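First the structure, in the form of structure tokens, and then the observations on it.
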Amino acid sequence: MKLTKLHDIWAAGKPAVNGWCSIPSTVTAEMMSLNDFDSLTIDLQHGLVDYQTALTMLQAMNASGITPLARVPWNEPGIIMKLLDAGALGIICPMVNTPEEAQQFVSTMRYAPNGSRSSGPTRAAMIHGANYHFEADDALVSLAMVETVEALENVEKIAATEGLSGIYIGPSDLAVSMGYAPGLDRKEDDVDAAIGRILAACKASGIKAAIHCLSPEYLKSAHARGFDLATLGSDIRLFDMSIKSQISLARS
Amino acid sequence: MKLTKLHDIWAAGKPAVNGWCSIPSTVTAEMMSLNDFDSLTIDLQHGLVDYQTALTMLQAMNASGITPLARVPWNEPGIIMKLLDAGALGIICPMVNTPEEAQQFVSTMRYAPNGSRSSGPTRAAMIHGANYHFEADDALVSLAMVETVEALENVEKIAATEGLSGIYIGPSDLAVSMGYAPGLDRKEDDVDAAIGRILAACKASGIKAAIHCLSPEYLKSAHARGFDLATLGSDIRLFDMSIKSQISLARS
Amino acid sequence: MKLTKLHDIWAAGKPAVNGWCSIPSTVTAEMMSLNDFDSLTIDLQHGLVDYQTALTMLQAMNASGITPLARVPWNEPGIIMKLLDAGALGIICPMVNTPEEAQQFVSTMRYAPNGSRSSGPTRAAMIHGANYHFEADDALVSLAMVETVEALENVEKIAATEGLSGIYIGPSDLAVSMGYAPGLDRKEDDVDAAIGRILAACKASGIKAAIHCLSPEYLKSAHARGFDLATLGSDIRLFDMSIKSQISLARS
Amino acid sequence: MKLTKLHDIWAAGKPAVNGWCSIPSTVTAEMMSLNDFDSLTIDLQHGLVDYQTALTMLQAMNASGITPLARVPWNEPGIIMKLLDAGALGIICPMVNTPEEAQQFVSTMRYAPNGSRSSGPTRAAMIHGANYHFEADDALVSLAMVETVEALENVEKIAATEGLSGIYIGPSDLAVSMGYAPGLDRKEDDVDAAIGRILAACKASGIKAAIHCLSPEYLKSAHARGFDLATLGSDIRLFDMSIKSQISLARS
Amino acid sequence: MKLTKLHDIWAAGKPAVNGWCSIPSTVTAEMMSLNDFDSLTIDLQHGLVDYQTALTMLQAMNASGITPLARVPWNEPGIIMKLLDAGALGIICPMVNTPEEAQQFVSTMRYAPNGSRSSGPTRAAMIHGANYHFEADDALVSLAMVETVEALENVEKIAATEGLSGIYIGPSDLAVSMGYAPGLDRKEDDVDAAIGRILAACKASGIKAAIHCLSPEYLKSAHARGFDLATLGSDIRLFDMSIKSQISLARS
Amino acid sequence: MKLTKLHDIWAAGKPAVNGWCSIPSTVTAEMMSLNDFDSLTIDLQHGLVDYQTALTMLQAMNASGITPLARVPWNEPGIIMKLLDAGALGIICPMVNTPEEAQQFVSTMRYAPNGSRSSGPTRAAMIHGANYHFEADDALVSLAMVETVEALENVEKIAATEGLSGIYIGPSDLAVSMGYAPGLDRKEDDVDAAIGRILAACKASGIKAAIHCLSPEYLKSAHARGFDLATLGSDIRLFDMSIKSQISLARS
């Protein structure tokens, strides 16, 4: 199994920059893949993308060597397994609130005897090599999202889930759950403390810590703080920001 | 958040006419939206439509100001939240048989602390305004389908679900569940009594009552009876009726 | 080569009813094909359909045995040959104004030595049989549209084009060209006389006469007048008519 | 309801050859349908196909009279009912490990009072006839996959599920679950014994036994052994095999 | 016919800002339409868009009131008429090098007796009103691209073409034709003089002058110089610029 | 500009094996690209593929390093330039019968001052490098199809066209033009002599000679005879052959 950028970065002990694809388009996905990301996540939850389009986006970004990940709409085996079979090398699973949910997620990601994933890696075996079945359980990245107060209370147990690769913090939902308005790059002390607690739980369990960021500055601070992966906004935010700034200049 | 036609109609205390989109096409969806409906429901259950196409249909009907709704295949958080994020302003959820199922549905529709909806209204915020997060829980329409004998027995409790906007009657499934052949615009006394019971439960709980109709005549009688929303067949029935009547004339 | 309905109808000396597909959808195309048409034309000119979608529509209507035709955007070899290779059994070509244009159109439709069609009937040979190459020139229907004053002046020469199957009248463009507003089912004496002249030219040359109609009544009068094929409006008109009449009843 | 090939074959007491469609394409699906299969299964689990594309594939294979089946990603009512409404005449459901899961699957496949399927057979009624509702419960094929050690232990109870049409063996997952590498056409004694036990359970309950095969030879041996349906690899394997053998010859 | 933003801007004697859509996506098209452009051009020439996708993009941007334009791949009647029928309110035609080519282009844009456009405004009449046929010739914007030395030599005659709305300068091709490397926002004296000559020709003929720009600064200078419409780069440039600047900050 | 396999093979003086993609699918295109071809041609003429799908197929095969070519429906600038801008590194143009047509084709392929190609290599520049404009004229492969008696008579002049990369023989159309049934791998003496004359004309002009073959054996003989590129059937033939042989074995 040919290792991709995220595996290399983590093998080298460095933090990764993840890109985020919410636009259902092979063109925007390929454009993202031509830039300096370590991994790219196709978002099937809040992104405007469903499976059939995600497949073509995975194909369009394949030449880049960037690690393809996907966020699923919910912790359901059907869509998780479909995306893995389509070649995604990792899954970000939203709203994992309990250790049981974390365990179910991890089980879905792994073949027997480690888990309950059904065998049939149609495109994955084509792209990642004939030995895929035997290496997948180790190579695939499983990131459980901790993004509610309930999950926060369970974070140490979630982090201890056998086979879980790491935890991905959704700062916006976490803050909403704590009574704040949605948004990334949080400044509130208690939200920041919660983020710290999650990070500490990951470190204690020896798993990866990941977080969704908006600005490059916050992303760099997340790396400095010890996060192993930080996401740079999303394709939609990048595009929207650029339209608005340029049209504003043109209209000034 | 800019209010759309259904909100206006209901604010004025009038009953609404809902259109039904089962054809997976932006062209037929846009054509429907150019007519005098108050809301249009994209049917992802029995309709031939899935998420990716539903997104483009939502876009194609956006200019009309008609309220976009969607019926989901099942009471599952993944697809409900995806459709809301895509801009649907309401969800019709099939086969809600118990108050627990109703509660789960409503929870999926609402942000913390009211519910468990995950924040990330990608297109919804673009289209419905920057304040979407704070107004969505109030503005979104949640209609639980009561369409089995079991649901009928629970209808008063279902209607009392905190946060539920209303109940949508599926007369065909309800009649099937009562031992009849499928079909709309029911004439049987016991089916009609069941419809009356559901209507009464809605009124008692102060929520909206809605029903799927076939003919304009039945629709008008439903309005007269007190229903707040009545659906006029479906795009497929409208199209099929027209083909058959015109070809029949041409062949006569 | 298995003969389809239009071939049978014409072999029996009867006039045909043609349906018209302007909506880019396999669902509406299949619905049309489940009704009593002899041929169905996918409209790539004024319809909202392009090649890739037309292919799937041809597939969706294949079970019906109705003869699949296509109208091309313009008298260009590329798209005509693509549609034939995709399985269309006839082409309606717009704006054929001169005998030279008619000849070029016919040449495009036929293999050497009869014409200049390139060999490679990818789907056509799958669907219509291994002997396709040898029967296609005879079986394919080529209908040149006469729809301008210039074409009218040339109609006898156009009708005499070696290998042309027939002429398809576009009454709306013809009337526009004669100084009237667009529309079908013309009542003006001079437009009607022009239609009569075209019909006579077809009869004189022993080729088929076809015309686009709107109402079943006009269609029947066209059959009575001697037209070999008459089109019943379009899917868009059928659908729109039905929406408008039913919503009007519901709102009354 | 017009019976299709698989129904005819089974009515005649003969074993069926099933084809497998993993490529999301109407063209490859139609090509498969032009060959001598009794049924064709669109694979929405490990195949690269999702609902919207599956719909067009069902349309493209409709002319053939071959029985259209679908394998779903998971035992979930939403997608099962959608595929039935789209015209699939049977469902293969993966990972049915307990009699309860089998019962839930069967319930999803059948209308009240036999089950919980919601009524609204949008395309199914168009294609399979106006009497669809009343014949569907009998005509639809429900195949539960037995492909784990847990399911094997429960196989007699699963086979006894009221209304279940048969069991479909996934030899690769079954072997993985038993500690072997994935793959079809198993040779191991214990895997073969497991297959024999499942076959015997089907015979004892008077339901169909089906199995996924790779080579024509193994398929024939499965038929000889008493299987009622055997699948011939998949479109992807057939295509890949041919590319590799021909390019190898060309390079030799 | 409801007038759109570009018509209003020009009626008010003000210069317009045009956006450019090269990504084949309803999502990016809709995002563009939510911003402060006066017109949006879907580029079917160098953009990665073809007709069927362009149709859905036109639908997705319809709510905005921004004037929808399209650039066609070549001066061919088929695609020009298809885009007008789909609702585009103007066409930018590349590589118009002679007055004859300009005349052919204008003829394609207009109904008889002004031109040779075929009548059948399928979506255009739905969206732009029942009176479309009678207002289209005046309302539609026809912009001929002058972008070669040959065209430059003919520019005064091209500008004098009866019925032509204006000339759209392609500075990159024009510069290439003059011996320079491709690129926008030209600084060379002779290219600038050529641009001035074209602008003067437009003013002399009383038609609109338009130009493709890259930076907001150059766009503003074009407005200041007297151009009636100036394009702000493209969606692809806007997106790419933003990815590169943000990832660069994140990596710094 | 990163050179791809075909460039390398030809630089090494070796003959190339070309694959042929007629199925409109990213999955089959990617599968082809995972095998040992030097170039892959997406067939927009007789293949079932149009531009929008071709774009996604180009993306799906990009990781392979195999040279992407396309065959266009006809010698028209619009589609040729669109495919080059989408990243195709060469074009096969059908039915080039005269030196004038060859010259027009070559002009379309090249930028000023060599030709008339419009500048705007949207995806091509992303994928093939920032220096694309300056290297494209040399790197792009232009293959004119000689496949009629008329073209044969002109072949020496066609071969002498300044800037033409080579001639691609369509043996089936050529044979049809000579009075034979269609088909590849011709055995007739006069067809073979015609092939020899074309080959000789290529050698005399120092350009590449290419030919469409069916069997690996004929392909190898073509290489032995001096052809620089030979095509191995098509994806459709490969797939069909495999279905038929395996189902035949299963049914035996």
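We call the chains A, B, C, D, E and F, going by the order they appear; numbering starts again at 1 in every chain.
To be clear about the criterion, a residue touches a chain if its C-beta (ideal position, glycine included) is under 8 Å from a C-beta of that chain, and two chains touch if they have at least 3 such contacts.
A quick note: this is a predicted structure, and the numbers were derived from the prediction, not measured.
> To get from subunit C to subunit E along touching chains, fewest steps?
The fewest touching-chain steps linking subunit C to subunit E number 1.
> Work out the mean Cα position per chain and let me know which chain is farthest from subunit F.
Between subunit F and every other chain, the largest centroid distance is to B.
> In terms of CA centroid distance, which chain is the most far removed from subunit A?
When every chain centre is compared against subunit A, the largest gap points to C.
> I want to compare two interfaces, D-F and B-D. Which one has more contacting C-beta pairs?
Of the two interfaces, D-F and B-D, more C-beta pairs touch across D-F.
> Starting from the mean Cα coordinates of subunit D and subunit E, work out the distance between those two points in Å.
53
> What whole-number Å value describes the gap between the mean CA coordinates of subunit C and subunit F?
Computed value for the inter-centroid distance: 34 Å.
> Where does subunit A touch two or more other chains at once, residue-wise?
Residues 24, 27, 31, 48, 50, 52, 55, 76, 79, 123, 236 of subunit A touch two or more partner chains.
> Pull out all the chain pairs that touch, please.
Every pair of chains meeting the touch criterion: A-B, A-D, A-E, A-F, B-C, B-D, B-E, C-D, C-E, C-F, D-F, E-F.
> For a test of understanding, state which residues of subunit A touch subunit F in their complex under the given definition.
26-27, 30-31, 34, 55-56, 59-60, 62-63, 123, 126-127
> Mind pulling up the subunit E residues that touch subunit C in the complex?
50-52, 55, 76-79, 81-82, 85-86, 111-113, 116, 118-123, 133-134
> Which of the residues in subunit D end up touching subunit A in this complex?
22, 24, 44-50, 52-53, 72-74, 76, 79, 94-95, 147-148, 170, 172-173, 176-177, 179, 181-182, 236
> Of all residues in subunit E, which touch subunit A in the complex?
17, 19, 23-25, 27-28, 31-32, 35-37, 48, 216-217, 219-220, 232-233, 235-236, 238-244, 246-247, 249-252
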